[in-house]
Amino acid sequence: MNKRDAFAQKVPSLGNMVDLPVENIMAPVLKRAWMKKFLYPMILSGCLVALWQWCVNFFQLPGTVMPGPLSVVRALRTNFGNIILPDLLFTLKIIAAGYAISILTGFLLAALCSQSKWLSRSIAPIAVMFMVMPTIILIPIFMVFLGFSPIVRVIVVSLQCAPIIMLNTLAGFTAMEPSHLEMLSAHGCSKWQIFTKYTFFNAMPRIFTGLKLGCIISIIAALGSDFAMGKTGLGYRIKISSSMVALDMVFATIIVAALLGIIMFEAVSFIEKRVIVWR
Amino acid sequence: MMELINVSKRFIARREDLLALSGINMRVGDGEFVCVVGPSGCGKSTIIRIINDIIKPSSGRVVVDGFTYEKNAPIPHKLIRRMGFIFQIPNLYPWLTVRENIRLPLDIFGLRGQKWMNHADFLIEKAGLSSCADQYPGSLSQGMSQRAGVVRAMVHKPDILLMDEPFGALDERTRERMDFELLDIWRENGMSVVFITHNIGEAVLLAQRIYIMATAPGRIIDTLRVDLKKRDMSSFEDARFEEYSSRINNAIGNILLEKAV
Amino acid sequence: MEKTADEARTRLYLRDAFRHIAAQAALPVIALALWHVSVTWFDVPEWQIPSPPAIIKAMGADFRAILPHLITTYGNVLVGFTMAAAIGIALAIAIYFNASVGIAVTPFINLMCIMPLITLVPLLMLWLGFGSKAKLVAVVIQSFPIINLNALSAFAGVNPLRLELMESMKATKYQKMRCCILPDSLPGIFTGVKLAAVLALTAEVTSEITGGNAGLGARIIQYTQYMKMPQAFACVFYIAAFGLIFYQSLSFIERKLTKNY
Amino acid sequence: MRLGPKKNFFVLENISKSYGENHVLTEITLYVNEGEFVCILGNTGCGKSTLLKIMGGIELPDEGKVIFQGTPRERKNTPASQSCFGMVFQKDQLMDWRTVYENVRFPLEIFGVNGADGPSRVEEILDVVGLKKFGNLYPRELSGGMRQRAAIARSLVHDPNVLFLDQPFDAVDAISRKALSFELLDIWRKTSKTIVMITNSIDEALLLGGRVVVMSDAPSSIAGTFEVGLLHKEKTGDFRESQAFWSLRRKIRQTLECRQLCEEAV
């Protein structure tokens, strides 16, 4: 009886209505030898940057069409302190707040739903709807009576990111092997003991999948909401500089945003490697 | 006629060098039923995978009817078509019906004629699988899916059958029934069989010759010729059956004791 | 006796199905009712928060005005998504057949999954103008890495026993892919596909909000500027409905394809 | 031995159980005395695992009572009511995220028997099953036989009065299966616990069991009970020669296949 049957067993489960876009987002492909993981990409990206610089010089592309890597680095160095850093901090605050709120609500709702089948049957479709709908479209509506305050962006980020974390955590809590449950009831464990000693650890891989997905989606939501509104934030910086056709600034900010995304994701993966020791 | 000439295999597991097999010399005549018995971890599964060229030997070579293959010389395609492999877990593809699973080797070897399809259906009929031939393997019992695994390995008329603990996961009664069915199949088709098992009683019941292996490093410590008259239910109580079983037990036993002391 | 047993079973099934639907519908109905009551009670003006009937009226009345934008948004997402799926899976298969492609491409695709590619939208608009070309590119860039990565991890995570069966028959790489790897990795591929669907819609809507005036996102911005909230809510509802139907149809296709795994 | 083994230490009174329409167990009555080793034999799918789950308190019978030391078992099993039972399952049910030591210590955490002698208790049990050196490995690093030893250690660590085993050695290869069953026999002889074991191999039942109970196919009831009169001396030696063994084996085989062949035909 494979995991799918166990899933549909008498344990309160989501049934097959909610199939979660989850599983191993970061593939074993990443676990190749160190050589393949770091050295080859370094060399390849080095060549790409060199090629990019050569094209800009060879075709004398003007700064307004395609800035060379050197000009981007120059822009980055000059403007980082006064312009890009405040935007970065602002967006980081929004992402952190939104991510934290969605983790809290996600875990809370998941714990609640794992207790009763009916609760999970009614809350799950709502969570799927919010996961699927880009919450950026709610920004103009919130702006009507909340104005330009950052609360709107925090709400948007957490609304977009909470469902993914909740659904994954819930799937982790409900994917219990019935044979393990038999062993636990042979020891006469109470519901609380089952949760602390078995369910929590058993769900750990699924919870971290949800956290990683949530991290990606919260960054996308935060930067997207910068485009839609606001006076500060990385997204706004990119939009303004591109409308002023200052492409080296645009590229600089895009690189900063990309690094922000990578660092956040690697942080979550690092925590996962420390927590899930037994894999 | 198949022969392994001082085959050895080295694995690198967790940064230390593991000698799984050292100096294996085996011979399987045409139409002969040979068993390989040994405790788990003695490399008996590796031997059968070397014969089928799934795993390359570190040294030594395999000679089948004059064709040799070894470390860097792959097995000729003609030879592969003459071998059937049966796994311990039935390994049926859940997305194919039982009939399609059984016809899979025909598809892989490119035997597309109607003659082959009829042959497959005939085998399904004989194995009593026709009732569930069009179901999906998910709903089959362990005995039935193992039976389908055996039929699948024989559908392309191999004359060497390689079986890696095929009935290891079944309970005793179904295992006995499957053993006797295997004996009937072997008597009818006269193919040569290499049967890997860790169950000594099963080996003595089935085999004409038994290779006894020991662990670390995997090596053959003894060969036993078994000539029971009638191989059926009564042979369990045949005195010689007892004698062979205890001889194998002692051979394996004192190796384990040696290591323990 | 037989009939009543069937009757009892169907009644039981119906009761359970009804309970299931009731539970699912409970919260939305309560939310709508609460919304309606609070809007009418505090008589919040139309331009601030419209009541559900007002939204439905607006959906009906302005449908012809909203229709072209509806088509552009849905069209962009569907076309962009199918292109991304095609690129992602084809690239994964190419990487399977030729590992060196993988070494070159995979690290970048992994990074593209992590990096917020939404930041490229203004840049694309600058280069490709505000038309649907930029939006399509944004959608494809945003969703194809996830599909490719999950497809690759599904290929790598194929059940080794099933692969060993193919090995034992010396199937060619193409046969291995067709008979064993592709079917076995369907669930993994669909995981990536469903996640990419979510991201594709987000990318499309974001690029509509950032620039240009075609598409539901742009209409929402305009409607809120002219304080026509019912129409804005109607557009929100259309986007949400599309997302849900798109996602559920992908799950339905997956359940159909992998029903007997 | 404590003051003479108590009669009817563990009793099942006409237990019956059915899932929807298919009846699994019908009117099963079984008396187990203290310190006895009872083997339950049956073909696959005859509901013997369900019977053991009812005895272990995991599932509730539709009718009938489970009486332990005179007091019937209540419906809800609590750590207190379960602390005098130990169970070993077909699959070893070890928790992957705990090391072997922590897995074996799990019952002590539930039954609250830690305190000073906890760790020494775990060390001692690990030594008995021969896993002394593997205490801090993870289950995925162990072979099938060692995982099953850890499961047996886990079921013995809280010193239960009755031990239930559900085909414990099926997942293990035949050679280490024999070693494990001899080890179980030693543990039984040393600690004189009451053991109820389910198996589908007749030889194992005769080797281990003092009494063999044969169950008929579903809807199963008790088809026959056989006292295994073989002395311990014969059991440890090569017991397959003794004539009593073969006649008993043939009788059990018949009841299992419930074809009443007349005596001489065999």
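Order of writing sets the chain letters: A, B, C and D. Residues in each chain are counted from 1.
Rule of thumb we're sticking to: contacts are C-beta pairs under 8 Å (C-beta built on N, C-alpha and C of every residue); 3 or more make two chains touch, one makes a residue touch a chain.
This one's a predicted model, so the numbers in the text were calculated from it and none came from an experiment.
S.K.: If you tally contacting C-beta pairs for every chain pair, which pair wins?
M.R.: A-C
S.K.: Quick one: chain A and chain B, Cα centre-to-centre, how many Å?
M.R.: That pair's centroid distance is 50 Å.
S.K.: How many angstrom between the C-alpha centroids of chain D and chain C?
M.R.: Those two chain centres are 52 Å apart.
S.K.: Between chain A and chain C, what is the gap in Å from one C-alpha centre to the other?
M.R.: About 16 Å separates the centre of chain A from that of chain C.
S.K.: Could you pull out the residues of chain C that touch at least 2 other chains?
M.R.: If we look for residues of chain C contacting two or more partner chains, we find 261.
S.K.: What pattern do the touching chains form: line, ring, star, complete or other?
M.R.: If you draw each chain as a dot and join those that touch, you get a single closed ring.
S.K.: Mind giving me all the chain pairs that touch?
M.R.: Per the contact definition above, the touching pairs are A-C, A-D, B-C, B-D.
S.K.: Quick one: which bits of chain A touch chain D in the complex? Just the residue numbers, please.
M.R.: Touching chain D: residues 179-180, 182-183, 185-190, 193, 197-198, 201-202, 204, 276-278 of chain A.
S.K.: Sort out for me which residues of chain D touch chain A in the complex.
M.R.: Residues in contact with chain A: 53, 56-58, 77-83, 85, 87, 89, 91, 93, 95-98, 106-107, 109-111, 138, 140.
S.K.: Okay, in this complex, where on chain C does chain B touch?
M.R.: The contact residues of chain C facing chain B are 161-162, 164-171, 175, 179-180, 183-184, 258, 260-261.
S.K.: What residues on chain B touch chain D, complex-wise?
M.R.: Residues in contact with chain D: 39-41, 168, 171-174, 197-200, 237, 242, 246, 252.
S.K.: Please give the residue numbers of chain C that touch chain A in the complex, ascending.
M.R.: Residue positions touching the partner: 20, 23-24, 26-28, 47-48, 102-104, 106-108, 110-111, 113-116, 118-123, 125-127, 146, 149-150, 152-153, 156-157, 187-188, 190-192, 194-195, 197-199, 201-202, 205-206, 209-210, 216-217, 220-221, 223-224, 227, 229, 232-233, 235-236, 239-240, 243-244, 246-247, 251, 254-255, 261.
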